[in-house]
Structure formats: structure tokens, C-alpha cells
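Listed after this line are the structures, all set down as C-alpha cells.
In the two complexes below, subunit A is the common chain; its partner is subunit B in one and subunit C in the other.
Right, the complex of A and B next:
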């Protein structure tokens, strides 16, 4: 009797596990099926295209480093959306927060160039400036929601464009502008402001992103604040009864989200480009901030899901770039694939009785 | 003599502003129409990109500008259909669907273009959209800017007027607006909420598609990557500025278009005032308007919310 019961329980555990994963697997099958069909119709070699798309990241050290280079900003952009999403608010502004964080990093970096600060002081100053800039920029949206009930979707979209033109302004005007540059860009940051390389391969951003993953996990699962955020997300009315201040929680989630986005932007400036350059937060022709939204939707914004999901999308992005280089398959196909994956996951999860995302 | 030159320049600039107004007016009208039944379609940027590409390809292949706009509108309608179908079926957030469709449109636009036309030495040119010059009026300086335009600009005037007339002077419009305010009440009095939501969303999507097709067919004459350049998002700001009223959306579109054209000219000439701040103005003003006139900006009460009968 007892044995039988145990098997049933095990079965139901497996059932639960399978039910949780089924939408993801189905979504991937459907999305890759559709993109495979498109690849076929366009007359490309389907197996070769898939192989390139999925395995470029693992086929060479360079491929893997490229993947990490995309993984770093994408993870930050994903957190920017994921954290307010836990309390059902949409921060479409990860993109603007990245741009703003990166721009302020460049301004501070160039501004302090004369002081000859050592890297050990200079880099933390820039990291803090990037986080603070992103946080304050995002706070505008949080504040407008908390006190004026302005939908963050709208305010963050508007802020994105403000940040976009701000980048252009700084990159094309004295005293920041690089002389004789066709493309808008600033002067190079001083050597001590640039992120060092880890293992001679990848910039220090990889360490920062791992620290951020740990910090966000700790925050969400081991602190009172994390508990409050989760409680507010599950039931805003009930949590206010227990003294959780909705407005405060809302603004804090935007602050954290903005800090993540801003840091992501700052790292791109300090670690990749060594300067502010228009389009510094782009990948495959679209903003990391936009991909971050999709990445967060794939994992429902769960703290540990974020790096997994970001890694998956980074692999696809690197694969898509390689697919375009070697097989001439347009890189845009990967946007389509990702959009279909997200659409399918949302639909299938919903059909399986998943979260009621209004 | 100098004065007359200025009038000529002013007229020319105004002509360009009014042409650009069409882009914003068509796109924001699309958002307004759908919004009136409570469906907030934020995928305008994706629709405009996909429609720009599909519309351009159609016009280029058939040699007919008209086919370009037809295909552009159909593409917009298709996107809107995806949005409203999934939303009505499963009540999934319109915003999640909208933002996903933005990415879908971004990818689809270049994919279609690269597949159908590919890289060419010279940018392929779209068939010209005919101009209509209203006799008499198109000869008066300054005023001529309104009456010396391409066909689509006149279509925009008419569309805004018809939308305004239907929404505010017909029973059907009143009923439709009621859905955006209180779908349940509308349902109780026997209005087919679901059907109207489908119809308005799809018509709205078609307008956004027209706005997208207008870009390569009139504004630039050819298709380029990211041709919409955020205008689909700006249209959302205009819809808010307009409190979801078609005639105010036209006014808002004119203001946004004027800022774009003026800042473009500043960019060419050396000016003390950085043009980037001019370009920020529309976005800052949307935020300021929502903040300062918080109570006066009217949203359809049920905007963005799903409706189910239970």
C-alpha cells in the first residue's frame, strides 16, 4: 500500500515538473519549427542554420566569450524589467536607463580624467555613478506612478527617447565629443576608468554580473524587502493591510531596476567601447533593453530564471550573428524566433492555467 | 525682396510639417480608435516597421503606390488581429502582447526586405504618390501648404474628420465609446463588446499600417532599416496628449511634426540651442502634461483592461 502511494506521489511530482516545463518545450518546438520553415523557404540549409544558431557559442572559445559579452548587458537589462514586473508593473525603460547610466558614466569618467585617480578608486566611482544615474532616471517613472498614477509603460517609453537624445547630445558636443569622428562618440575614457580583463578574455563586467545575480537573489529571497515585493506582487490589497506601503515598494522596485539598467549601460561604456558611442547598447540591431523585456517574460521575471533565460537569448543572438556571417541568413530572423517563443510561452502558460497576466 | 523669400521658405517648411503630420496622425488615430473600446495597442512601432517594409515591397513590385498602402494596411490589420485574438481568447495583457509584437515587427521588416529585394547598388525607389493641388487655394502662400499635398494627406484629413464625426455625432460612436468606459454596462444594454473590440482594434492597426507605408512611399522614397525611428512610440504620447480624441490627435501630430521638422533644420544649420533638446521636447511635454494636468488628461476608463462576461 505504502509503496503504491509513494509511486503515485512521485508520478504527480513528475507530472508537476513536466507541466511546468511543457509550455517552454512546446514554445521552443513551435518557434524553431516556424523559423526553420522560413529558413527552408528562403532556400538556406536548415540543419546547418540550426547548428550555427545553437552551437556557435560552444564551438570555439571566441564564440563563448562573445556570448558572455552579450550575456552581461542582457542580464542587467532583464533585471530592469523583471523586478518591477514582480509587482506587476512594466518597466519598458530598461533601454533608457542603460543609455542614461552609460552616458553619466562617460561624463563622470571624462570629467575626472584630470585627477589621475587609481583604478581601484576610479572604477567604483563610475560603477556607483552608473547605478545612481539609472536608479534616479527610473525613479521618475516610479514616482509618477506612485503619486500621479501615470502608467509606467507610458512614462518609461517617453524617458527612453529623452535618454536617447541625451546620448546624442553628449556624444556630439564639447567638452565630451571626440574630435573628427563621423559617428557620434565621446573622447576615450582614461585608462584607469576602464574595466580590466578577467583571464585575459572577458572584461570585469562578468564578475559584476555574477555579484548582481547573487545580490538580487539574496534580496528577493532572504530579506524583508524581498518578501514585501513578493507579497505586493501576489496581492497588493492584502499586503497593504499588513502595513506594506505600496508606494514605497513600487518606488524601490524602480530604483533597483534602474540601478541594474544603469550599471549595465555603464559596464558597456567602461568594458566594451572605452567611450560613449551612439548605439553602444545595441545588439543585432536592437536595444538590449528591448531584448531584456522578452528575456524577462520568458522566465516570468523570477530572479534565478533571469540569468538562465539571458544566457539562452545570448546564445541565440551570437548564433544569429554567425548565421548571417557564414550562411547569409538575415539576423532579423532571430527577432522573429524570440518574439514567437515569448508569445507561445505566454499563451501556453496561460492555457495551462498559469499566471493571469492582465 | 527678403520678406517674400521668407514666406516661400516658410511655406515650404509648413508643407513638410503637414506631410509629416500625416505619419503621426494616422498612427495616433489608430491608437485612439482601438483605445475607444479599451484596447491599448502599443505595438505601433512594430506595425509601422512591418508595414513600411511590406508596403514598400508591394509598391515596388507592382509599380503601384496604391497597392503599397493596401498591403501596408493589411499588415497592420494582421498584427492587430493577432493582438486582439490572443487578448480576447486568453485575456493576456495587451501590453505584453504589444511589446512582443514590436519585436516581431522589427524582425519581420528587415527580413521581408532582405528576402524580397536584397542588397542593391542603388536604393530602389518607390512609385510616386500623386499630389493633389487644390486650384486657387494652393497658390496662396502659407495656406497652400495645406492644399498642395499628396493624396494620403487629404485622406488623413478625411479620416480624422470621419472618426471625429462617428465617435461624437452618431449613435454607433457613442456606443463604441461606452465600451471603453464601462464594457460591462455596454454589454448589459446589448452592445456586442467583443465584436466592436475586434473591429476597432483591426481598423486601428490598419491606420498604423498606413502610417508605416507612408514612410518609404512618401517621406524617404525608399526603405531603410529602422525607418520608423520611434515614431510608433511617439504616437502613443500623442494619443495621451489628445485624451483619446481624434481631432486633438491631429493637433498633437502637427506639434510633434513641427518639432521634428524644425529640429531637422537646426541640425543642418549651426545653432546655439542644441537640437537634441528640441527633439526631447515632445517626450518631456507628454510627461509634463500627464503630470501637471493629471486630472484633465482623460483616459477611457477601461483602457488596457480585459473584459470577460463572468
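Right, the complex of A and C next:
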């Protein structure tokens, strides 16, 4: 009897907090140590490199705005991965969903240009189109998993190709193609379709991303649907015994993920480029989809962890660009750092016996 | 204690072992005579497995010494103990299901050779099979063998690797009476050939039947060793339960007072000629099952595991794979309804596999109490969960069912089996039920928790709930059921009324006799 009742350990809150953060801090120290060593070996000034990497975002208003500009699409790309990840499915298609959402936004925006709609109507229409496009595009993968048991890793990677060439097709063919441009891009969207600037600096996407953060948090923590997604993630067998429909839950997570990705893509088109342009969902030459996966892995896809780790990665991305510009330290070194951070966090977390928060 | 002067085959002196704050073994002395069957008796969590794992080299003792044939030994891993002729057969199979029996037997014994010398090994193994009466086909894949045969394969494997001390951890868990008798015969033959056997069990009747001597462990303390040829059931009961006030039956099951209850006029649940496909690939389809359960009645379902019990439970709470016939709840046909709709009709389910199907292991108790109730008006409105309500209900469950936990935010997977089951039962009984479907709710629980579960089932019955109680253990079924139906290969063979209860009769129906 005594043995049966042993297992309950009572930790102080502080200790719980420390145990939760220990892997992150260790991972950061190790990752920065390794990349610091490489920066040193390659003959760059290590303190200066780190200073540039970590503080460019905060050293000027422009730096901070640049950071937010990366933070917005990155957060959406992260949710696209994080939500199906709650039930242990890998949506590698965040990038494709962004591309598809962005492309449909451009098509609808250019298509409705003749109607002279006011911004207050035009913008919501485009936002909804972007979300719907991304959602339906992602639903293909959810549907294939639910009814044909095709691994979403495979289907979403394939869908990424389709989305990429769909961008290409629209950006290089009439009636959307911009005449006389060397790079594949469409016509500019009408003025009323473009996201206005808020605080004179950053486009309206920042408001949308904050709304999305609140909505996802609310969904995951307060609603029956969020509960069912989490329950399915912890134990699909028990969840299905107690009446949670696996197929339905799975497809809903892909719908939400796709809506997030699609909106992220639409915002880039409406807020940053004013048109669809090939390569629009890239940062420092790498696609946001990959960074979204990386960001989600850092925070385990926790609704409130997503903006935090997205902000962290955005700071590094902006710092990396600056480092390359001013110190000629190749941007790839920062990707290396990020990769080591993620690997270390995953390993350390596993070693600590998995996560304790659910 | 007996005082044979000859050297003990194995002896422990003052073995202590603790896990964190819990003292699993407290200065345990234990010894084995050559060529005996030695019962090790105790409840779940008494320290039986811990003691044997120390002997097997899986755990390192904190204090104390182990002597093998008079010499002090120090085992650091099972490799050491296997080399010294100790073999352990764990409760659950450690065979590779995809391999044949022969492949399993030679696995790990190939040495450094690149080729398998199957012929030679086969000859040796056949000889062992003949010697000990442990016959089984060597070429059959293990996954196709019944549980009883798997046990035989594991025993031969240990002997083939040179074991002369054999530790059997709860070997009868998945065996039927007849298989147990057969196993016993083989064990006797082995003992006659000089093998010493430790027989771990929590069933007194098995010890009396199978063993020469028996030691009783409770709470990590050795209560004593008796010679079973002279000992009676009462002697063992006294050793086992000296600190507890539980009345137990002959089969060491808590005695429960089952009062007279008036049954409802109409059945709560009726199955009419019901056939249904199993959800699992290798499951058992249900074939033309008919029965009624009335309110205020516990209908037991007996059968060997895997004969359609799980499918029977699942088709009631999820009536969707029905190929023929119908299910009626309170007179209404429910074929094709979703689980949520069934639960809305005051039905709940306690599945067999606690960790796999009952709980969200990494979730806290609050989240677990909500599971299955998440769409009820009581706990949500318009899709928004009323978390305060859920927390209050959870605290009630913890209090009412005596769940030992620091608070409701405790991760449920970290609680003991008994405490998890209390949460699971509490969750099932949040609403007044018309029907409870429960599958082996007492599996792996200690005596006090078994008593708790039985009391709850009987209380439910008194409140007029219909209970479908599926269990493999006939003794437990006979203790609380008003009637017992026997299921075999997906068919309901017969339903016995209380005055017809006969263990051997029911048992023979279970194996299709």
C-alpha cells in the first residue's frame, strides 16, 4: 500500500518555474556558445557580432518596425504548424498555405478593383478570402489524413509545390501579371485594398496578429473545441472512447492552421508588397514556413508561447541581417544558431521527462 | 521458518530498498530451499516485485546482502543474475510477437556466430519440452499463440538459458483454470528435476494449491514464511491482513453486502440479436447477442480476454458498427447514435485499459473529470467551457471518492492506480446514471481499492442503475453480479442466475466447453 501512494511530488512554484525554463536557458547558452566559437574561428569580432545580433531590434525605431514586420508573418506561420501539432500532426504546409492565401488575396483584390469598394469593406473581404483560401487549401491535407490515412507531412509538402507554382502562374499570366516587370509579380492592388499604417509606421497587420493571438488563446483554453483538440493530443484513444471525433477534430485543426497561414500570406500581400510577388513569403532568403516550424517547436506550440518565441526569432532574423550588412558575418550563421537552439531544447526537454504543462 | 541445515539455494539478509520517500522493502529476509515451489504472497504494492527485481539484478538494494548457494553475490544487472542461473518471467510477455516460438527461444543466445544454428537448438529445446511437459509448436508465430502457451515459451526460454532458479511474477494473471492446472504439472516436473521456483501471486488459493512454502510480504515488511502442507487459508489470511479490517472470501476477495433491490419493470438496456463488427483489425466480431439489463441489477459478463468483451462495451456506447439487430435504451432504438448522444441518455463507461482508454495521462485531474462531459449543458454554454463549474465538480470528486492528491491540478498520470480509478469512477458518477458499462474496473488494484469499487457498484445498483460489469475474474463477478453471462468468440453462450453459479461450469463455458 505504501508503495502505491508514493509518486506525488510537491515542488515549490519557484522550482516548477525553474524546471520549466531550465532547458531554454541551457539551450540558449549552448547554442550561442557554439555559434560564438564559429564566429570567432572565422575571424569576426564576437562581442560586436552578438551585440548586433541581439540589440539591432531595439537600437532604433526602424529596427523595431523591421522586427515587427517579420514577427507578423512568422506568428501566423507558427500557428499554422502549432495547432495540428497539438494533436501530433505535422503541418509542413504553413508556407504553402501562406502562398495560397496571398495569391487568392491578389486575385480577389485585382478582380474587384473595378468596383471601387471603400477600404472598410474591401479589406475585410480580402482578409476573409485569405483565411478561407488557406483553410481550404490545408483542409486537403486534413481530409487526406482523415479518410485515406495519408501522412500530412507528405501531403503538405506536395501542396507546397502546388502553391509555389500557383503563385508563379498568377504572377506571370494575364490578367494579373504586371507588364514590363523582370521579376514575376502581379499588378498593384487598388489603394483601398491595402492595409493602412498604424502608429504611422507599421501596417494594420500588427492589429490582426494581436487579435489572432487572443483568439487562439481563447479557443484553446476556454472552448469545448480547444479542450477536445488538447484531449485528443494527449490521448487519442481515451478521447475517442469518450466521444471526441478524431476525424472531425483533425480536420478542424487543419482548417484553423490553414486560416492562420492564409491570413499571414494575405497580410504580406496587402500590407507589405501591395501586390503578389514571387518569393513574397521569404525572410533572409528562407521561407517563413520553416521558421514557423522552428518557432513552434521552441514553445511546443503553446498558444501564448507562440508570440514570445516568434518575437525572439524575429529579433534574431533582424539582427542577422544587420550582422551581415555591417560585419559581413554570413546570415547563415544565425540559422545555424537557431537550429542548435531548437535541437538543444528538444533534447533537454526530452531528458527532463517531457513537458509538465498541458 | 523451517530449519533445514543444508545450504539455502538463495538467501537475502536485511534487504532494504526505497524509492524516494517510500520504503518499498524494509530489512527483508527471504530464503529458498533447493527444488521447492516457494509462494511469495502479498497485495499490489506490497514489495513482491521489488524484492524479485533486486534478486534479478534490475534494482540495486540500498542495504543488505544476497547469498547464492552460500556465497555472497552482487548483481548489477540481469546479465549477472542470468549467468548465475536465475531466470525471471515477467507478468506481461517479453516475447517478440512477430517471431516464431523457436526464434524467440534462441534470441540472444546466438553468441558471436553470424549464422543461426537452428537445428541443434531445436533438438535441445524439444528435449526440454519433453522433460517438462511444456508442449507447444515451435514454428508458430508467438502472436498467434494463446496467453497460456506464451507463458510456456517463456519458461522454456529461461530453462534453455540455464536457469535453475525461476521467478514467476503473477504467472496466472491471464490463464484460465485449466491452463493453470497444466502449468502446475509442468512446474512440479521441473522441481523434481532440481529447479527452484518462486511463485509470486496475490491469490491465497493459488499458493495453497501450488506451493511447498510461502512467504508473506505486506508494505515492504516480511511477515513470515509458512509451510503450506500444514498451513490453512486462515493462517495466510492472518499474515496478509493483520493490519486491515477487510472481510474476504475464500478467494481473497472483499466480502460485500449486496442488499435485496427491486428491479425496474422494464429493461434499461436491451440487445436484440445484435451482431457488430469490431473496430480493430484483429478484434472479435459480435454475433447475435441478446440480453436485457434491468435497473437495480448488475449483469456480469464473463469470458477469456479477447472474446468480444471490449467490442460489447464499445458497441453500447458507440452503436455504429452494427451489422444486424438492435440496441434499445429505455425502450428506444439507439443504433447509429454518437457516443455523446448515448452519454446524454445517462449512460457512462469505464473502459478496461485505464492508462490507454480512461485518462489523459499528462492532463490534470480537472481536465480528466471533464472528459466525456465536455458537451453537457452543465459544463458549457455555446461551446465555452465553464471552468469554475468543472473545478468545483473536480473538488467534489476528490473529496467524495477520497482521491489522495495535493490538489486538483495534479497530473493524473502521477497518481497511483487506485487513485486514478477513484477519479475515473467519480467522473462516471457525476450524473445520476441509468446505465453504467464497466470493464475490469478492479484490474491491478489493491484490496482496499477493490472493496471501494465493489461498494460503489452495489450502491449504484441500490439506486436503480443498471450495471453491465465485464470482468475476467469469475470470483469477482460472482461476488457482486445478479446474473452472469458468458461470452465466447463473440457469442453470448449462456446467462447464469445467481442460484446456478458454479465456477467450473461457468469456467468451462468460458473456454467454449
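In this section, the second predicted complex is superposed on the first by the 342 of 358 C-alpha atoms of A that agree within 3 Å, B and C clash if a C-alpha of one lies under 4 Å from a C-alpha of the other, contacts with A are read in each partner's own complex, and residues count from 1 in each chain.
By definition in this document, a residue touches a chain if its C-beta (ideal position, glycine included) is under 8 Å from a C-beta of that chain, and two chains touch if they have at least 3 such contacts.
As the structure is a prediction and not an experimental result, all values here were calculated from the model.
Peer 1: Determine, under the contact definition given at the top, whether A:155 touches first (subunit B), second (subunit C), both, or neither.
Peer 2: A:155: touches subunit B, not subunit C.
Peer 1: Does the superposition put A:350 against subunit B (first), subunit C (second), both, or neither?
Peer 2: A:350 contacts subunit B only, not subunit C.
Peer 1: Between subunit B and subunit C, whom does A:317 touch in the aligned arrangement: first, second, both, or neither?
Peer 2: After superposition on chain A, A:317 lies in contact with neither partner.
Peer 1: Touching A:332, do we find subunit B (first), subunit C (second), both, or neither?
Peer 2: Touch status of A:332: first partner only.
Peer 1: Using the superposition described at the top, determine whether subunit B or subunit C touches more residues of subunit A.
Peer 2: B
Peer 1: Go through the superposed model and pick first if A:235 touches only subunit B, second if only subunit C, both, or neither.
Peer 2: So A:235 only meets subunit C here.
Peer 1: Considering only the touch criterion stated at the top, classify A:223 as touching first (subunit B), second (subunit C), both, or neither.
Peer 2: After superposition on chain A, A:223 lies in contact with subunit C alone.
Peer 1: Could you tell me which stretches of subunit A are touched by subunit B in one complex and by subunit C in the other?
Peer 2: On subunit A, the residues that contact subunit B in one structure and subunit C in the other are 356, 358.
Peer 1: What residues on subunit A touch subunit B, complex-wise?
Peer 2: My answer: residues 38, 42, 90, 92, 140, 144, 148-151, 153-155, 157-162, 164-166, 168-169, 172-173, 285-286, 290-291, 293-294, 297, 330, 332-336, 338-340, 342-343, 346-347, 350-351, 356-358.
Peer 1: Provide the residue numbers of subunit C that touch subunit A in the complex, in ascending order.
Peer 2: 19-24, 43-47, 50, 218-220, 314, 317-318, 338-340, 343, 349, 351, 356-364, 367, 370-372, 374-375, 380, 383-385, 387, 404-406, 410-411, 414-419, 446, 448
Peer 1: In the complex formed with subunit A, which residues of subunit B make contact?
Peer 2: Where subunit B meets subunit A, its residues are 42, 86, 90-93, 95-97, 99-104, 106-111, 114-115, 225-226, 230, 233-234, 236-237, 240, 274, 276-277, 279-280, 283-284, 286-287, 290-291, 294, 304-306.
Peer 1: Going by the contact rule at the top, pick out the subunit A residues touching subunit C in the complex.
Peer 2: Against subunit C, subunit A makes touches at 1-10, 222-225, 227-228, 230-231, 234-235, 237-239, 241-245, 354-356, 358.
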